[in-house]
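Below: one structure in structure tokens.
Order of writing sets the labels: A, B, C, D and E. Residues in every chain begin at 1.
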Amino acid sequence: MLTLSPHDLQAVALSLKVAVSATILATPAGIAIAFFLAFGKMRGKAIVEGIINLPLVLPPVVVGYLLLLSFGRNGFIGSLLNRFDIQIIFTLKAAIIASMVVGFPLLVRSIRIGMEAIDPAYFKVARTLGAGWWDSFFTIALPLCSRAIYAGMTLMFARSLGEFGATVILAGNIPGVTQTIPLAIYEYTSTPGGDSMALTLCLVSIVLSFTVLLLSEAVTKRLRKG
Amino acid sequence: AEVRISAAASMTNVIHELSAQFVAQHPDVTIVPNFGPSGGLAKQIQQGAPADLYISANTKWMKLLVDEKLIAPGTKAIFAYNSLVFVGQHEKRITALADLPELERIGIGTPTSVPAGQYAAQALRASGLYDQLLKSGKLVMAKDVRQALIYADRGETDGSFVYKTDAMLMTSAKILFEVPQNLYDPVAYPIGLTSSGAANIEAKALYDYIVSPEAKTIIAKHGFSIASH
Amino acid sequence: MELDVHVQKKIGDFHLDCTFSLSASRAGVFGPSGSGKSTLMHLLAGLATADNGHIRLDDQILFDSSRKINKRPEERRIGVVFQHAHLFPHMSVRQNLLYGYSRTARKERKIEPEGLFKVLGVDVLKDRDVTTLSGGERQRVALARTLLTCPRLILMDEPLSGLDEERKFQIIPYLERVFGEYSIPLIFISHSLLEMRMMTEELLVMEQGSITRQLETESFARTTWDTGRKGYINLISLGLSQRHHDLFSYNWGDNCLILTEPGEAPENLFELDAREIILFKRHPEATSARNLLQCKVLQVYMSGNRARVELETGGKSLIAQIVPESVRELGIEKGSEVVAAIKASAFSRIF
Amino acid sequence: MLTLSPHDLQAVALSLKVAVSATILATPAGIAIAFFLAFGKMRGKAIVEGIINLPLVLPPVVVGYLLLLSFGRNGFIGSLLNRFDIQIIFTLKAAIIASMVVGFPLLVRSIRIGMEAIDPAYFKVARTLGAGWWDSFFTIALPLCSRAIYAGMTLMFARSLGEFGATVILAGNIPGVTQTIPLAIYEYTSTPGGDSMALTLCLVSIVLSFTVLLLSEAVTKRLRKG
Amino acid sequence: MELDVHVQKKIGDFHLDCTFSLSASRAGVFGPSGSGKSTLMHLLAGLATADNGHIRLDDQILFDSSRKINKRPEERRIGVVFQHAHLFPHMSVRQNLLYGYSRTARKERKIEPEGLFKVLGVDVLKDRDVTTLSGGERQRVALARTLLTCPRLILMDEPLSGLDEERKFQIIPYLERVFGEYSIPLIFISHSLLEMRMMTEELLVMEQGSITRQLETESFARTTWDTGRKGYINLISLGLSQRHHDLFSYNWGDNCLILTEPGEAPENLFELDAREIILFKRHPEATSARNLLQCKVLQVYMSGNRARVELETGGKSLIAQIVPESVRELGIEKGSEVVAAIKASAFSRIF
């Protein structure tokens, strides 16, 4: 029961690729937007937050459909990229984009909560010690909310492992190219008798997310110690 | 009284219309539909979800329930058939399976899990094209027929294999050709009364209505055929 | 240092409205709790922005509301030691100590870290986790952290209040030396007049958001001599001592002073309370007071039931505090001669 | 285009019911578990956290199947509830449970990040002022992380509005009973010409989540003021 | 109060190992920064758990590692005022003030809130947001918050270090009154010996995690007289005063003392530094010293170059600090008679 076919292994490798890439690529933007939402004084905050939350509110399939509209051959971004001969849909890039978009609200919320909890006095002290804005941002603000950042990244990673609805639309379900674990699981569950194979893949997902969880705990602890 | 139907999502419109007709004749009956993926519905029934009628887009899931004695003996019946077409943007001069290798991307339901994909693959194999298309990476697998249709409709694929009934949902794509029916098994939609539904007289009446000749005009109106080719 | 400030700021119900110019390189801000000292400090450091006004330090305009100039805190090079230490919790003590230092241009680094760490007693803490430090330890680390950036001006907001007396008076002379040697100007906030007198030359007195007086710290100490719990403190700086039986003798102007404490450093600062000086018309006999100084009365001020007598003795000045009754009895007036009796133990060492 | 049929209105009402119930019901448990994870000293923390994260890692459809197995006739919980004649599958309860399970990891993470940022000294002070553990928990710990709790509840609410995969399996897609907005959208997309109706429902979802977002911001601000 | 403590705890590299019994209702913990004072306080309050040992307060065992007893902080009814105020940021000042009060059983509420608020000057702050308070304001609110719970024992960790001198000495007599009247025992941590002498009767001296000495605060003050910056402080409690020209006279035992300050309260506490007393063999003439007391020498202690002379005058005792040279010159020895000259201004009011 717990054996993985080569086909399954491919799906696992792709899932890992997608989850890792999506998490790493989204984090800088997540931090920037969380910072803006936590400390920004502009008017548009609620609107920005609303837009970021969209992928959470809409069913993933709808999100996938909207992404298809944008990244498709005739879509706004798609036609632009087409000129540079960059193809998004039906490639792994599409899977990564889908995961990024769907996980983004989770990432931003986590980081934002962490940032709001920082005592601004630390920031002040750093400034008077000669650290510029960016310097103190990187040496004070970021490390002080590193727990929250890791928490957000873990959430994003986990969500990417489980992302199905948007991915299947934007990236298609192409074995060896875009078929990640959830897509493979779906395929198994849509076949009578495929349950045990589906379960095996579920276990793999679970083990992966546990590993990341324990890793992020360990990193956080080490960071806390100094 | 209540009749609960668990029906494949692709039957949504047909069942809505058939229900309306039936209720017009039996005003005291309320029909409670539940549309979803055929496999999901089968599993719900396995777990004791209340359902009187099961309508599948796939004979395999029906067989599973029959084998588990969850369908009342002798009530399994094929009440509609479908056929495969190839749809795509009109400017492409594609008129037969043999033209497909000229295309870059072809949408098809994942053969292992989507019945429509299975039939399409069968037809492609019969014409000796499947392996060639698969190897050259031209086949874009979709999770269901609906998705293959969207791809074709939006021009993301040069064309897709879909059911004739689904082709009615298109806005810009057109049917480029019908897949010769001799290349694939009949696309059959089975219906069955569940073992709990067998005790429900209204459910039995609705079942009888759906498999009756009366219903066939409505079924045909939605693009299904009423008999095997 | 030339600091020219005119700032107005409203925070909640509190109005700050300060105008002053400072040229003393060591100034203090003195005022009751809630008078706005910390708020003023924030404005100077650029950590808060005034509603109105300007701040100029030497030739540089740090803030000018009319010209829309507002230098960022890190551009101002104004160091701040806060009431609370605010050590960075995610860094080791060592990283905290060097945070500012490593951001200071090499040519500005005028203080040698290891030496400073020793004096402040933080060298043994360097490998500790900041969350494990005691209150006093934290404040010492914060102090060292700011000093190492060698700022153009240091603002200190009650930096010593968490330290024990011993450590406090051990640190002050070093601070004085650091501030003197590298001529880092200082603005010092404290509730202790003694600390003020040791650390500052000029004083801004703050009340309800405004600077109500600006004067020399010594003048302030003199004008408040009759209201405080203590008398006026004569601060007496003496050189090396010589043994005198089991006591120690020092040269002080033309006189020789006998103290119980030795002076081993080239410079020693002692305090002598004005009330500990007893005046006699004639030389008294058989007294426990070791120092009997022939003095000339320069000035006599009366204030309520106290009298301050400014004396000149051997080229040095001394202030004694006695009661008006004695002034009358002894016939003390400007120009009269008296003998001041001071016990050897009346001098107490500050450093 | 922007008119809602009575059938749509029903879906909106159901979605609201589900999202509100799921959020309110899950919050106490979310707070308790977040507290345990933030301050607990037991060994099992990583395991508890892993289990809570499962619904995030697994595709929602799989979560739906697993729930179906538990709440089904022969399932562990289902057979228990059957004795009390409580029916879960195909009822609104099932939709609420599906939303709760899928949104739970988001809720817990948010609250946990907020709790970890509380200075434990406040807790100590409260204890010495005579507040018992529970008392100081409710009067100190909870209010001090109320921002994080609201953030978590908003996330959960939004996720509930978009939840499709698990709901369609556990609750079915029954108009007027379990057909929430995402399920109605699903049905429209299987209907010729249903796209514009689907879009209208998407907009309703977006408006709802914006409203909740602004509301939670307003509450948070008021709380901050005192 | 009977407090019996034996605790051991290891935190990082720091070992705490304290054994002591206290019966004084007002005790102090004195020791250098980092010696473990705050840690001990945490153990007593139940905010940290010792590795080993026991803590008993009156008849109640608060902690016993061998019997696995460990009362929860809120059961111990031990109030704590921390070095930092730790006001609850999500509550108004008023809510902070009443947090503990509203959790105190009605019969235990012995302090009237409004009166306390006035004395601590927090009544005007009640409607403020805690984040807007200045350092001193915060500490006063924290102080009031704890006092209102009328605990069985109050632990204070440098509660006054953020206050200005004036406010500090305005608060101390009130604290004394509160602690006395409702007999709330107190353990007080401070770096100031003067605060200690005013607030406590007995002292635990802490060094590197251990109690090295336990003695009366006065004895401690006397034994440290020759090492500190200040001399020994005679604390002199006087009643109502009468006008004496522009000075004030008080009865003190059989003598009459002349001071510059009036005594309007029924009880007034003054400090008199032992070094401010000058001894004469015979009655001196024409001196600025207003008080000339005939004394009998009870005891003479020599320590290095200082001599402490315990005197008896009119039924009261007085300690003077002079130099050994004077002891020899004046022929001072047990039983001899001397005249002590003290200036009217040498007495300074504590409250």
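Going forward, a contact is a pair of C-beta atoms (placed from the backbone, for glycine too) under 8 Å apart; a residue touches a chain by one contact, two chains touch by 3 or more.
Small disclaimer: the values here were computed from a predicted structure and weren't measured.
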{"item": "For subunit A and subunit B, chains touching each", "value": "D"}
{"item": "Most distant chain from subunit A by Cα centroid", "value": "E"}
{"item": "Among all chain pairs, the one with the most C-beta contacts", "value": "C-E"}
{"item": "From subunit D, the most remote chain by mean C-alpha position", "value": "C"}
{"item": "Where subunit B and subunit C are represented by their mean Cα positions, the distance between them in whole Å", "value": "91"}
{"item": "Between subunit A and subunit C, centroid-to-centroid distance (C-alpha), Å", "value": "57"}
{"item": "Rounded Å distance between subunit A and subunit D, as computed from the means of their C-alpha atoms", "value": "20"}
{"item": "For subunit E, residues that touch 2 or more chains besides their own", "value": "84, 129"}
{"item": "In subunit B, residues with contacts to at least two other chains", "value": "37"}
{"item": "Touching two or more other chains - residues of subunit D", "value": "61, 65, 186"}
{"item": "Full enumeration of touching chain pairs", "value": "A-B, A-C, A-D, B-D, C-E, D-E"}
{"item": "Partner subunit A, residues of subunit B touching it in the complex", "value": "37, 39, 42, 60-61, 63-64, 105, 110, 112-114, 137, 139-143, 147, 150-151, 154-156"}
{"item": "For the subunit D and subunit E complex, residues of the former touching the latter", "value": "119, 121-122, 124-133, 135, 139-140, 143-144, 146, 223, 225-226"}
{"item": "Complex interface listing, subunit B residues touching subunit D", "value": "6, 9-10, 12-13, 32-37, 40, 43-44, 46-50, 146, 168-169, 171"}
{"item": "Sites on subunit C touched by subunit A in the complex", "value": "45-47, 72-74, 76-80, 82, 84, 86, 88-92, 95, 99-100, 103-104, 129, 145-146, 149"}
{"item": "Subunit C residues touching subunit E - in the complex, by the definition given at the top", "value": "11-12, 14, 32-34, 38, 83-84, 128-129, 132-137, 140, 158, 161-167, 169, 191-193, 229-231, 245-248, 258, 260, 273, 275-276, 278-282, 284-290, 304-306, 320-326, 329-330, 341, 343-346, 348-350"}
